[in-house]
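Labels A, B, C and D are assigned to the chains in the order they are written; within every chain, residues are numbered from 1.
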Amino acid sequence: MSKADEVFLKVEDLEVIYTSGKKNVQAVNKVSFELKKGQTIALVGETGAGKTTIAKSILRILPNPPAKMLGGRITLEGRELTSLSEEEMLDIRGGKIAMIFQDPMTALNPLMTVGDQIVEGLLLHNDYDKDAAENRAKEMLELVGIPKDRFVEYPYQFSGGMKQRVVIAMALACNPLLLLADEPTTALDVTIQAQVLDLIRNLKEKYNTSMILITHDLGVVAETSDTVAVVYAGEIIEYADKRELFINPCHPYTNGLFGSLPGMTEGESRLKPIAGSPPDPTDLPKGCAFAPRCPYVMDECIESKPDMKEISPGHFCRCIKAGKEI
Amino acid sequence: MPLLEVKNLKKYFKVASGINHAVDDISFSVEKGETLGVVGESGCGKSTLGRTIIHLQEATDGNVILNGEDITHVHGKKLKEVREKMQIIFQDPYSSLNPRIRIEGTIEEPLRHSGKFKSKAELKEETNRLMELVGIDERLRNAYPHELDGGRRQRVGIARALALNPEFIVCDEPVSALDVSIQAQVLNLLMDLQDSTKVSYMFVTHDLSVVKHISDNICVMYLGQLVEKASTEELFRNTLHPYTKALLSAIPSVDINNPMKRLELKGEITSPIDPGPGCRFAARCPFATSKCKEPQKLREISKGHFVSCCRIEEIN
Amino acid sequence: MVKYIIKRLLGMILILLATSLIIFTILYFTPGDPARTIAGATATAEDVENMRHIMGLDKSYIEQLGDFLYSTFIKFDLGDSWVYNKPVINEMMIRLPRTLFIGLSAMALNLFLGIVMGIFAATHEGKWQDSLTMGFAMVFISCPDFWVALMMILLFSATLNLLPAYGIGGIQYYIMPIICSALGGIAVNARQTRASILGVFREDYITTAKAKGQKENIIVWGHMLPNALMPIITSIGNGFAKIVAGTPVIESVFSIPGLGLYMLTAINSRDYPVVRACVLFFAFFTAISMLLVDLAYAFVDPRIRARYQTVKKKETK
Amino acid sequence: MNKRTSIVRETLERIWSNPGSRVGIVIFAFIVIVCLAAPLIAPYGVNDMDLANMYKGPSLAHPFGTDGMGRDQFTRILYGGRYSLALGLCAAILGSGVGAVIGSIAGYFGGKTETMIMRIMDIWSSLPSMLLCILISATLGAGFVNTVIALSIGNVPTGVRLIRGQILSERNKEYLEAAESINCSTPSIMFRHLLPNVVSPVIVDATMGIGMNITMAAALSYIGLGVQPPTPEWGALLADARTHILNYPYLIMFPGIVIALTVLAINLIGDGLRDAMDPKLRK
């Protein structure tokens, strides 16, 4: 087994396109990041930035067509996932890597009892017989705070927060090494959101699971992650340790995100939002994707794509002006 | 005299399993040019409250008073006048615009129905003014809603609500469906419009940080009832009701140096259908005792700060 | 659940009553005098008047309707045929098995082939297998079933001499009628199944199942099909109704003495008791299949099942 | 984006861009034109008998052969198309139209009105439509108008259910509340806001209905109801030839092929229309 600080998951130059009609949409463009055992990386960005696509391509569950992985390598514990056969991937999915989805209302099969849905995964990845699997599933339900006699109930009998707990139980049932959490609390009410977030955090610590957390909420990032990657128009535009990124954000987009937050601190009467809207993914700018909205835009930004620069150890930023005074 | 006064407003719905107390005995007032924030989780009746005030739904009981005039049960021509003074901005910019009507048509429609604009040229000039006011490019005039992104659609919704120069606008979660950067643009727009037109808002939301940013006064609702009401400053400085405290502490904080200590709630929101007489929050409240089973009264703790909890003296 | 079924059966009786009313009224106002037809061309005015009295046609509309409803729903007596003076029910029982055999076999075919073809097309979406299956479905939907029947007679009876063209006898007499009754429905079901399966293709819970590491095959049959089943069941129900309605035409093409042909003949000879009895039977059959469809909904979907159970709870309170 | 494209035009362009429905449109247009122009194209008179040329198989002089009275089958199919197409079209419009009106009333007013209308529809459709058609055309007697009425009565419940279901899914949308809040009158809400958003499935259904009605009309004629010989309606041509199927199969073949081709073309158009009107597929 790998040591605690060894790189556990490595994503290199991931590239995914969607084809719709004759148009190609560059959904993910040369995305690279690393994750250490037991750690959490947050992918932050707005709707359509390509966060979910990144997660789904790690599991290789993107619908093809229209999605197509053009290139890149994904390595989990030294095993290259991208070169595995579809058969081998079946073992990885749910066994080694599990996923929690955004909308608990639609993520559960409405016609199956929640118990059966947890059991389904258990039978696939373990040598359990049916009884053992059921016992384990009941254990998982209790673990996420659902009485085990609700094992035989259907999803419609659960509230949104409860459903999300079921989804979490389902994901963690097979002790995965890596958890992909796709906006796990966005669809929930504030107080429920806090409960679910705490639950994920506790279970993750208990089993030393690594996690990729996808969110648009900087508050969730601050509370949950170790590393942060800011995603914009399919690219990682800033990548750093959480503390570093929150104290010293560098990319104008990241700065804009912070400026857009109606903060809980006193004082400001007007927000400093980012102008304009995210770019049309079928028609991305030639240069920096953020250039049309950037307050510091220069000619160079429009002409060519800036490279990722390491501005301080472990802090990367895709901006010409990064590290310089602005 | 406040612009709008709501007195003991009630809105009940008959449903299969009983009576849904969606809005139960709510009172507040809004001054001209001010914003009242209404906060609560889904199902607490905050949207119904807004819709009942502006007559999209008939009130079960209580009064709505606009400029000193009781408008709770107006009809016909009077209702038309009232609606011109009170407007609404919806949560979902996708379903709140008719997909078959062009942007221009949507903004122009209230103007036409008001009968104040006689000629086509006048109408066009006014729609132009509105589009400019909310920041929609002139070239989008002939576009259909599906051609616009969420932020622009929401601007169209705002233009439609502003068309008749209302005095009061219910903003029903207008930014919760939008991305953070767009959300900030829309919030700024709403605040700028308030500065220039002195319109009053009732801002309905589940997001305490948004409500703190935009409101002068805040009402916190739980299962159809008011649990706490105070000026924004007072509410955040001196939070009293356990539910408000839980709401506040549940928001994930961006401040990585001072992580918030969380007041965890048990269970989930219960049903507003045929609720018992006691405190509706008691089932989830960490401080609940047998006293909470009795009916709770909204008490004025300090000037303008109302709380509906019998135990605040003990727990604070 | 049992309570629900009982409730639905009671509702069915109401529907049948209403149908009786409608069919009686339609026939009552049909131009032409049945008494004259039945008395024969040579009958005198007096004979016809006599006949009218015997048949009860000289009574008022309300009285006649009352008699009809009373004997049908209270005495369970469908009356005698005017033309043959024999109890309708006996004649019907002779013909019923033939019609039922064709109808039920066609329904089974309809259900099985429709779903299999639909899933086959859906899992090959956009490939040639999909286009071919759907192309065939489109052609079969467009061809009138009685014309397909005639063409089959031409091919299998006249040219190839494989199957008998007309009449009844062994199983070989029923092959073509069954296929012709089922064809259109199979095509409709195949199209509906394909559309519904594709509709749930992108549902989140399918992604969840994939993320669990479930195999493609089990995802299609275990997760997609049950969720796609609601509209398919609806379409199957409609298919049943179509098969019922198509019986007169198909039986008339293949000269099969079943209920459909019996009814057509009776319409032409103004033998109203027979027409009414046959129509009532068809309505009954349709109502039963609609009930089965509703029960199938409940079987598939726990939410609908729960709704029936709460109905039950309330009643027991 | 600044170009003003109307929704009707956009829809038409999208149907045309679908290869299946393009084929459908071409075939259907051809059949309609040829049938309308029958007096100009037809080589013989529709009822011209030629007893010297009875039961002649297809030849250059008679491409589809002749019937038992020596009438040219090709000519009769051309003229018959006018009846069949008109029957299908009228019945579909009448049936779906009445259905749509009743359905809108049920959907818009809701409550008791809706319950009552839907119960009536349950009874109405307790008899499958073909059966109802048989009974009604037996009552009304043969003839064009009677057949149209019989056919359209069977179509009504489908139309009612379709538009009501559509309104149910639409009537809680916020844009209707918005319309109310800006003082739209009830008719304005109904016709300007609601109707355009619910009407597409009814249009698709009516289109497909044309084909279905042509088939049903033919079946009615075939079993001796509906339009009767010597009217050359396609089903009546089949009924005329039914006894000679073994001896003169071409008399059965050609009318049937023409019916199938027409219905196929209509169904292809209907499919394209459904896709073109689906707001989910509209970008």
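Everything that follows uses one rule, which is that a contact is a pair of C-beta atoms (placed from the backbone, for glycine too) under 8 Å apart; a residue touches a chain by one contact, two chains touch by 3 or more.
A quick note: this is a predicted structure, and the numbers were derived from the prediction, not measured.
Participant: Name the chain whose C-alpha centroid is farthest from the C-alpha centroid of subunit B.
Facilitator: Centroid comparison gives C as the farthest chain from subunit B.
Participant: Taking each chain's centre as its mean C-alpha position, how far apart are subunit C and subunit D in Å?
Facilitator: Going by mean C-alpha positions, subunit C sits 22 Å from subunit D.
Participant: Can you work out the whole-Å distance between the CA centroids of subunit B and subunit C?
Facilitator: Averaging C-alpha atoms per chain gives centres 54 Å apart.
Participant: Any idea how many Å lie between the Cα centroids of subunit A and subunit B?
Facilitator: Averaging C-alpha atoms per chain gives centres 32 Å apart.
Participant: In angstrom, rounded to a whole number, how far apart do the mean CA points of subunit A and subunit D lie?
Facilitator: The answer is 52 Å.
Participant: At which residue positions does subunit D touch at least two other chains?
Facilitator: Subunit D, residues with two or more chain partners: not present.
Participant: In subunit B, which residues are in touch with two or more of the other chains?
Facilitator: There are none in subunit B.
Participant: Using the touch definition from the top, which residues of subunit C touch two or more other chains?
Facilitator: none
Participant: Chain contact topology under the given definition, line, ring, star, complete or other?
Facilitator: Contact map by chain: ring.
Participant: What are the touching chain pairs in this one?
Facilitator: By the stated definition, chains touch in these pairs: A-B, A-C, B-D, C-D.
Participant: Please give the residue numbers of subunit D that touch subunit C in the complex, ascending.
Facilitator: 122-123, 126-131, 134-136, 138-139, 141, 211, 215, 218-219, 222-224, 238, 242, 245-246, 249, 252-253, 256, 259-261, 263-264, 267-268, 271
Participant: Name, in rising order, each residue of subunit A that touches subunit C in their complex.
Facilitator: Touch residues, subunit A against subunit C: 56, 59, 61, 63, 65, 89-95, 98-99, 101, 103, 106-112, 117, 120-121, 124-125, 154, 156-157, 167, 170.
Participant: Considering only the defined contacts, which subunit D positions touch subunit B in the complex?
Facilitator: 1-4, 7, 173-175, 177-185, 192-193, 196-197, 279, 282-283
Participant: Considering only the defined contacts, which subunit A positions touch subunit B in the complex?
Facilitator: 46-47, 159, 161-162, 189-195, 197-198, 216-220, 222-224, 242-243, 246-247, 256-265, 269-275, 277-278
Participant: Sort out for me which residues of subunit C touch subunit A in the complex.
Facilitator: 126, 201-205, 207-215, 223, 226-227, 300-303, 306
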